Amino acid sequence: MPAARATLDRLNSASREVFVAALGDLFEHAPWVAEAAFDRRPFATVAELHEAMMQAVLASPRERQVAFLRGHPDLAGKAARAGAIAPASVSEQAGLGLDRLSDAEYETFQRLNGAYLARFGFPFIVCVRRQTRDAVLASYEPRLANDEAAELKRALEEIAHITRLRLVEAVEGPGLPPVAGHLSTHVLDSYHGEPGAGIRVELFEVGASGRARIAEAVTNAGGRTDEPLIHGKPLRRGRYELLFHTEVYFRRRGVALPDVPFIGDAVLRFGIDQPEGRYHVPLVVTPWSTATYRGS
Amino acid sequence: MPAARATLDRLNSASREVFVAALGDLFEHAPWVAEAAFDRRPFATVAELHEAMMQAVLASPRERQVAFLRGHPDLAGKAARAGAIAPASVSEQAGLGLDRLSDAEYETFQRLNGAYLARFGFPFIVCVRRQTRDAVLASYEPRLANDEAAELKRALEEIAHITRLRLVEAVEGPGLPPVAGHLSTHVLDSYHGEPGAGIRVELFEVGASGRARIAEAVTNAGGRTDEPLIHGKPLRRGRYELLFHTEVYFRRRGVALPDVPFIGDAVLRFGIDQPEGRYHVPLVVTPWSTATYRGS
Amino acid sequence: MPAARATLDRLNSASREVFVAALGDLFEHAPWVAEAAFDRRPFATVAELHEAMMQAVLASPRERQVAFLRGHPDLAGKAARAGAIAPASVSEQAGLGLDRLSDAEYETFQRLNGAYLARFGFPFIVCVRRQTRDAVLASYEPRLANDEAAELKRALEEIAHITRLRLVEAVEGPGLPPVAGHLSTHVLDSYHGEPGAGIRVELFEVGASGRARIAEAVTNAGGRTDEPLIHGKPLRRGRYELLFHTEVYFRRRGVALPDVPFIGDAVLRFGIDQPEGRYHVPLVVTPWSTATYRGS
Amino acid sequence: MPAARATLDRLNSASREVFVAALGDLFEHAPWVAEAAFDRRPFATVAELHEAMMQAVLASPRERQVAFLRGHPDLAGKAARAGAIAPASVSEQAGLGLDRLSDAEYETFQRLNGAYLARFGFPFIVCVRRQTRDAVLASYEPRLANDEAAELKRALEEIAHITRLRLVEAVEGPGLPPVAGHLSTHVLDSYHGEPGAGIRVELFEVGASGRARIAEAVTNAGGRTDEPLIHGKPLRRGRYELLFHTEVYFRRRGVALPDVPFIGDAVLRFGIDQPEGRYHVPLVVTPWSTATYRGS
């Protein structure tokens, strides 16, 4: 993606060449999408610009859509390993660790990619920035069960997600389409009737092969973290765990706990389904009880 | 332990030889404990018999106590590997997997055992049937910090736990001392306002090196399991996890859940501190909330 | 109702005269119901006997059903005030205080009874032992909105409830139909991680015109009351309040509370819809939090 | 209190006459307090000005303090009924309804005032704007049990509360002392996993003689009320009830509830102890469960 973002204003008044130079890479190997959008200027918002580009794809004949999809690299494929894919794709796939798979994992992806390509004639496409690795893997099966029309529609929806994220990074301007989610927490100590302050919180992504810590914070005087645990980017669909270091918190406050406390370090497990959603996951805790719910 | 349990009645009227033959092994390499107890017959309850045996130990001079303790095998030690310890000890240590340690774990135990022996002059003794492996490991450090008198007292308390369990297995009769804990659960579905029926529940022991499933059940119409998850033996002090297969339960009942539910399979983490205690760990659950507390 | 209950055995072998003498009053001014049931002897269970009697009513022509319903007194009517109704009806209506209405309340009932009679041609019939007074009052409006067939069916359902209760009091035997509900509570103190013991609990029936205490108990060591708050009879449909004297409980246990505690005496409001249902209403409480749910 | 508030700047540079004219009434019949404060100008904050005035009171001899206290009207006394007290006192006492007592209530206050005056030699003084009527009544007994020194101190603390509130209304400027509390709520619907939107909420002050509605609001899309239920003034110490119209909310959303729902309109009872505190009282609710805790 470009070091400096273009502004929507500039794009609205730029020459066709400049416009296509700025946006031609957003849709993989398909500068014709930017060409088509150029003819529909001006755009009042960045969201409108994105819609115009997607409209160009959706209005094109099925063959052109499929050809466009075929221009995409395999997910976690040889090309990614060999560095032969578009720079944006490289960074997106790397974010999920798809360039660092074990051989067994690589084989799994190869097998699923092969089955998918054989079934639909284009590679499996998913906006990896909106998914955990486990969620990506879990999505092959239901998508393989789709009929061709439904799956073509679904693949283009993923294209919309991918390019919306790329556009927001490439262009400044009013009316940015929503691409970011929000995950926050809050500790309520119902033993003292106060916010739980100074509690270390760890956030883990939970997968079949284990869990990986992806954020860490300490609660402030209000029992919240100064920053949301995740914000400014999509939440990856998948399973998560919050670990609250409540044992040391209660001991520090002088609460007499058993050597092995009933609730020691509180753990909450939850799932995220909406990458652009707002998830608030509070912990209501005493040394003998925990509760959580989807808050707001 | 003997195939058939002696009865307290029989022991109360048996000859000294028979009495000592029946009970002489309970205290490791110390038939003198049974000898001393013989002189205090009759016993109204099995608990009284145990107290009399422990009294004999506690009333003996420090040197004899230490000699007695020195007669015990190292925990997870060479003797256990080589099969050179008392049969009861063999089975107790095996229950915790102490005879199947990796080399690294074996080294850790060796190091801690060595430090303990150097500090106190007798081997580290703990009633392993009342502890998870992690709890055993965690107990070295605080015990190494004890002064000699406190630690001698502590070691003899562990002897009392060990021999109480052995006695209950060896002798039938009235007034058995309490050696069993109780762990149960209960699922309340606050989406439907009903007990959560037909939900698979798995219980895991949680340790530093992972978790091991130790019980499994399905909730009945009342939301409980037909049998407690653990009963009839001590609860091992340590950390546990309950996993409730609530996602499939809610889907089966026709509740519309997201692809990745917020609360999918509910997870509760808790600790057990009292091996002979009664722990009830209910789950109050909807697709969007969970709560637990120490119940009764 | 009779001082001594007949047994089902005796009724199965009794003469027609004795049978009808024993059961002829259960259906108000309608000994023909008992007559019809006599011909279907023997009955294996008391429930079967009741079904046979109801079957006789339901199988009779509409005119006879309506005539039967017309034989019932007005609810809270002049006859009840004047003592001119069947003894069972007297005691049933008195249980709800329908014989002690204020003049305004009496007028309300008169007005609703009049509207109902004008609409359907028979008096408003409800099994008052399964309702609070407010629930009875609230039921006129939806029933007045029924069409004639639906309301005749509904009135006969109420007859079934009334006579089932009368039959269970009149006849001993196997297979009693279910006529009793169950209301219980349980206090879990999540500040101490223990059952809340020694807490006074008051149960109130809540109506538009205020609340009336109908039960009182003190929690035992397990946090429960020795007896359910209501059992052995139907639960009256309606709204209830449980008041737990938790402030004095926490102060007695040495918990430092503010002069005006956040949670002082905990209050739970709930409704009962199923008179023969099982309602368990637990309180999970700290000085700073309360929770309840329909338990089991 | 003055129609237009003086500014701290103006007071810092005003003549002694103007200064005392502006502030002389804050301390009942005691312009000498303002005189003393004049000599300690300038004040950087309004809070400092208040502290200086209180310092003048606290530094004066016991006789002068008592004389000052004796200049205050009886609470709910004859003077209030007859209109013979300072304008600020009139409005403060009226806020609590102390000018509209029944004869029995008036007698109770008279009796308690008499006992207090006899015991301490000055009238019972309390900052009525920080108390419910029940809290005021409940405070006589513990204060009558104080020794003289403790109660003199306590009475002067109440003077500080009274005059702090008056000063904040009389003077604009930086560093206002905290005189306002905050009471808010939030509805979390754990049946749908969303904020409870469009739910009517009523707040009642609960007293021995019943409850009075003091605020009402409807939750917004976030499940909160647009404004806090109480803010910008002290919270009255006492007992409260929140009534949430959740039955109509759940029915409107198409949830199948029993005719008499288990949780119909949810009710939370709680107490407020800190008039300048921040109280957040969330409701976590399904048709079968409720929970609350002191939030933040």
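A few notes on this one:
Order as written gives the chain letters A, B, C and D; numbering starts at 1 within each chain.
Simple rule for what comes next: a residue touches a chain if its C-beta (ideal position, glycine included) is under 8 Å from a C-beta of that chain, and two chains touch if they have at least 3 such contacts.
Please read all numbers here as calculations on a predicted model, not as lab measurements.
Among the remaining chains, those touching chain B as well as chain C are A, D. Legend: contact pairs of B-C compared by residue number with A-C, A-B or A-D; the interface matching in over half of them is A-D.
For the pairs B-D and C-D, the count of C-beta pairs in contact is higher at C-D. Distance between Cα centroids is largest for the pairing of chain D with B.
Averaged C-alpha coordinates put the centre of chain B at 56 Å from the centre of chain D. Centre-to-centre, using mean CA coordinates, chain A is 49 Å away from chain D. In whole angstrom, the spacing between the mean C-alpha positions of chain C and chain D is 45. Touching two or more other chains at once are residues 190, 193, 262, 284, 288-289, 291, 293-294 of chain D. Residues of chain A touching chain B in their complex: 135, 237-239, 258-274, 279, 284, 288-294. Of all the residues in chain D, the ones that touch chain B in their complex are 190-193, 262, 284, 286-289, 291. Taken together, the chain B residues at the contact with chain C in this complex read 186, 188, 190, 193-195, 222-223, 284, 291, 293-296.
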